[in-house]
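Sending over a structure as structure tokens; questions will come in a sec.
Letters are used for the chains, namely A, B and C, taken in the order the chains are written, and counting of residues starts over at 1 for each.
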Amino acid sequence: MPDDHITGLDAATDSFADVEARVAAESLVVDVDGFEGPLDLLLTLSRTQKVDLRKVSILELAIQYLAFVEEAKRLRIELAADYLVMAAWLAFLKSRLLLPPEPGDDGPSGEELAAHLAFQLERLEAMRRSAARLMGRDQLGRDFFARGQTEDVSRKRTVKYTATVLDLMQAYARVKTRDDFEPLHMKRGAFYTMEQALERMKGLIGHAMEWGTLEQYLPEAWRLDPKKRRSATAATFAASLELAKEGQLEIRQDEMFAPIMLRKKLAS
Amino acid sequence: MSDKTDNAIESLFEAPPLAEQERMIEAILFATAEPMSSKQLADRMPHGCEVPEALAHLRKRYEGRGVRLVKVGDGWAFRTAPDLGFLMQKETVETRKLSQAAIETLAIIAYHQPATRAEIEEIRGVSVSRGTLDMLLELGWIKLGRRRMTPGRPVTFIVTQEFLDHFGLESSRDLPGIKELRDAGILDNRPPPGVKPEEEDDKERGQDDMFE
Amino acid sequence: MSDKTDNAIESLFEAPPLAEQERMIEAILFATAEPMSSKQLADRMPHGCEVPEALAHLRKRYEGRGVRLVKVGDGWAFRTAPDLGFLMQKETVETRKLSQAAIETLAIIAYHQPATRAEIEEIRGVSVSRGTLDMLLELGWIKLGRRRMTPGRPVTFIVTQEFLDHFGLESSRDLPGIKELRDAGILDNRPPPGVKPEEEDDKERGQDDMFE
């Protein structure tokens, strides 16, 4: 009955509860009055006959089982497929045992089927006993114990580096020829950024009480080389505009192409 | 380095005397909770040690003591004597009670290994839920064995060294009553009547029948 | 329970023989996670045990063994004999390839020695980390040469005898030049044919071509 499962679940307090739940959900095990599965029932039935399993009357067993299933069906509609398959199988077995074999029928005889069922029952019973004996043994962590204070093995790792002379030569070749196949890109060596100019201007403009030319603000190292000078001038001019916008300096140019003059913006 | 040089080095350093080897094994096995194989022990010890001999001596030395040297599968470990378990309540690890299904499945695998899921189901007469096998795998008591060379190549399950260690077994041949069960034919693989033992041919014939 | 009853119980069960007490202590100290004091041991054991005496016997028994019974604070514990500590270390040698930065730096030093750090950086085109040079120094493949007689008097690096030994070279002059390397096919990243790598002009012309 479902109640049996719930009691089973109550015992599971840890993560195994999930597993247990899955067991209950997936398996075809049905607990009916504490019986689990068809063979279980048969075992119990055979035990109540109090006879040696090997000599048990399979026919009587089958009749009882079928009667039980009938009763179970009457009480509750859903019955595990296992039970129904077993019931069908036992009904077939019963007919085999009762009716003489048809001529030319090469299927297994009722006796063979009965013998196998007896074997299965005996084997399950043996496994149950063995399982009980196994669980009855002394167990690690319950009856005997492993070392409590283990000492870790410290691992001393020595790293050995290797390289072959070929590695060496290839590395050198790679370095020496790297420039040959550099992907195409602009050399940025002679490029003075507006950020650099802004940084420089901010430091200088505070002292510029008088008008001075833009050129005065170029860094020394950027004044001679025409390429560098062009870049620095552009950056400095852009930075000046930025600072004028912020209201930190004033810009003046008297006529076209005349020098650009800068000075600190005076408080008005 | 060539073998020759290796040998030369070995012969330079003689293996320590047996009593010393025994001490070494004692120290190594005391330091760890997991069983160690002779091979693993030998790897940790100086060249030329007679590990199996030293182990035999050590085992004898601890006979009847509060701790014993036990063999677990192909490993060796020190374990407290089971008769002193009552002193250890504090060390006891609260293990969850296994479900009846799990215990039976474990026993079937141990006694019939390697066992496929279909075989376990055939023996128990009910389907084995994935959860039961998962739990046993998680406990480290069973592991996957080699695939069975039958149609579908089903996986098999076998018990582990941890299983042997947990139940104090030297090997799965020492399972309680296994000899009697084998002699009685209980452990035989006896297919149901009318079902031939699984072979490639059988399956094909079975399929042919279906299409006739 | 009253003291009276306790005493009655005590007298009912005699303390186990000393040898048995020794076994018990042995098992407890083996299995506990922490050292235990005589008091703690006595609490675990049957009434009337002579813990200090049993401890003394046990300690004696382990004298000269691979593990010893030692006093840790006011507790007792088994510990590996100090002379066997080396067994608790596992040495592993891991072979690793040199990083690209290291092998390039090494190659530059080998080809250009004595070389300053600035020179190495100029040739590699990227800065050389202190770690790379340290590693090569530690490996014993490079060493400090004479200081360069230029401003700042920078240190120079040269390769060592060990370096020559490792790479199987008689002298660093044996290293093949770039042309030889190319002829030997060692230059895997070969420039496209017809492009002379040394000439900057070629490259610029290429750029111009693109915009024509």
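What we mean here is this: a contact is a pair of C-beta atoms (placed from the backbone, for glycine too) under 8 Å apart; a residue touches a chain by one contact, two chains touch by 3 or more.
Predicted, not measured: the structure shown is a model, and the values here were computed from it.
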item: Most remote chain, CA-based centroid, reference being chain B; value: C
item: Innermost chain, where centres are averages of C-alpha coordinates; value: A
item: Chain A and chain B, separation of their C-alpha mean positions in angstrom; value: 29
item: Between chain C and chain B, distance of the C-alpha-averaged centres to the nearest whole Å; value: 35
item: Centre distance in Å when chain A and chain C are each reduced to the mean of their C-alpha atoms; value: 31
item: Residues of chain C whose C-beta touches two or more other chains; value: 27, 30-33, 78, 80, 88, 90
item: Touching two or more other chains - residues of chain A; value: 145-148, 151, 153
item: Touch list for chain B against partner chain C, complex; value: 22-28, 30-31, 44-45, 64-67, 78, 80-81, 84, 87-88, 90-91
item: Partner chain A, residues of chain C touching it in the complex; value: 27, 30-35, 77-78, 80, 88-98, 100, 102-104, 106-108, 110-111, 123-125, 135, 139, 166-169, 175-176, 178, 181-182, 186-192, 195, 197, 206-207
item: Chain B-touching residues of chain A, taken from the complex the two chains share; value: 8, 11-12, 14, 16, 19-23, 25-29, 36-40, 82, 86, 107-109, 112-113, 115-116, 119-120, 122-124, 126-131, 133-135, 137-148, 150-151, 153
item: In the complex, chain A residues that touch chain C; value: 145-149, 151-181, 184
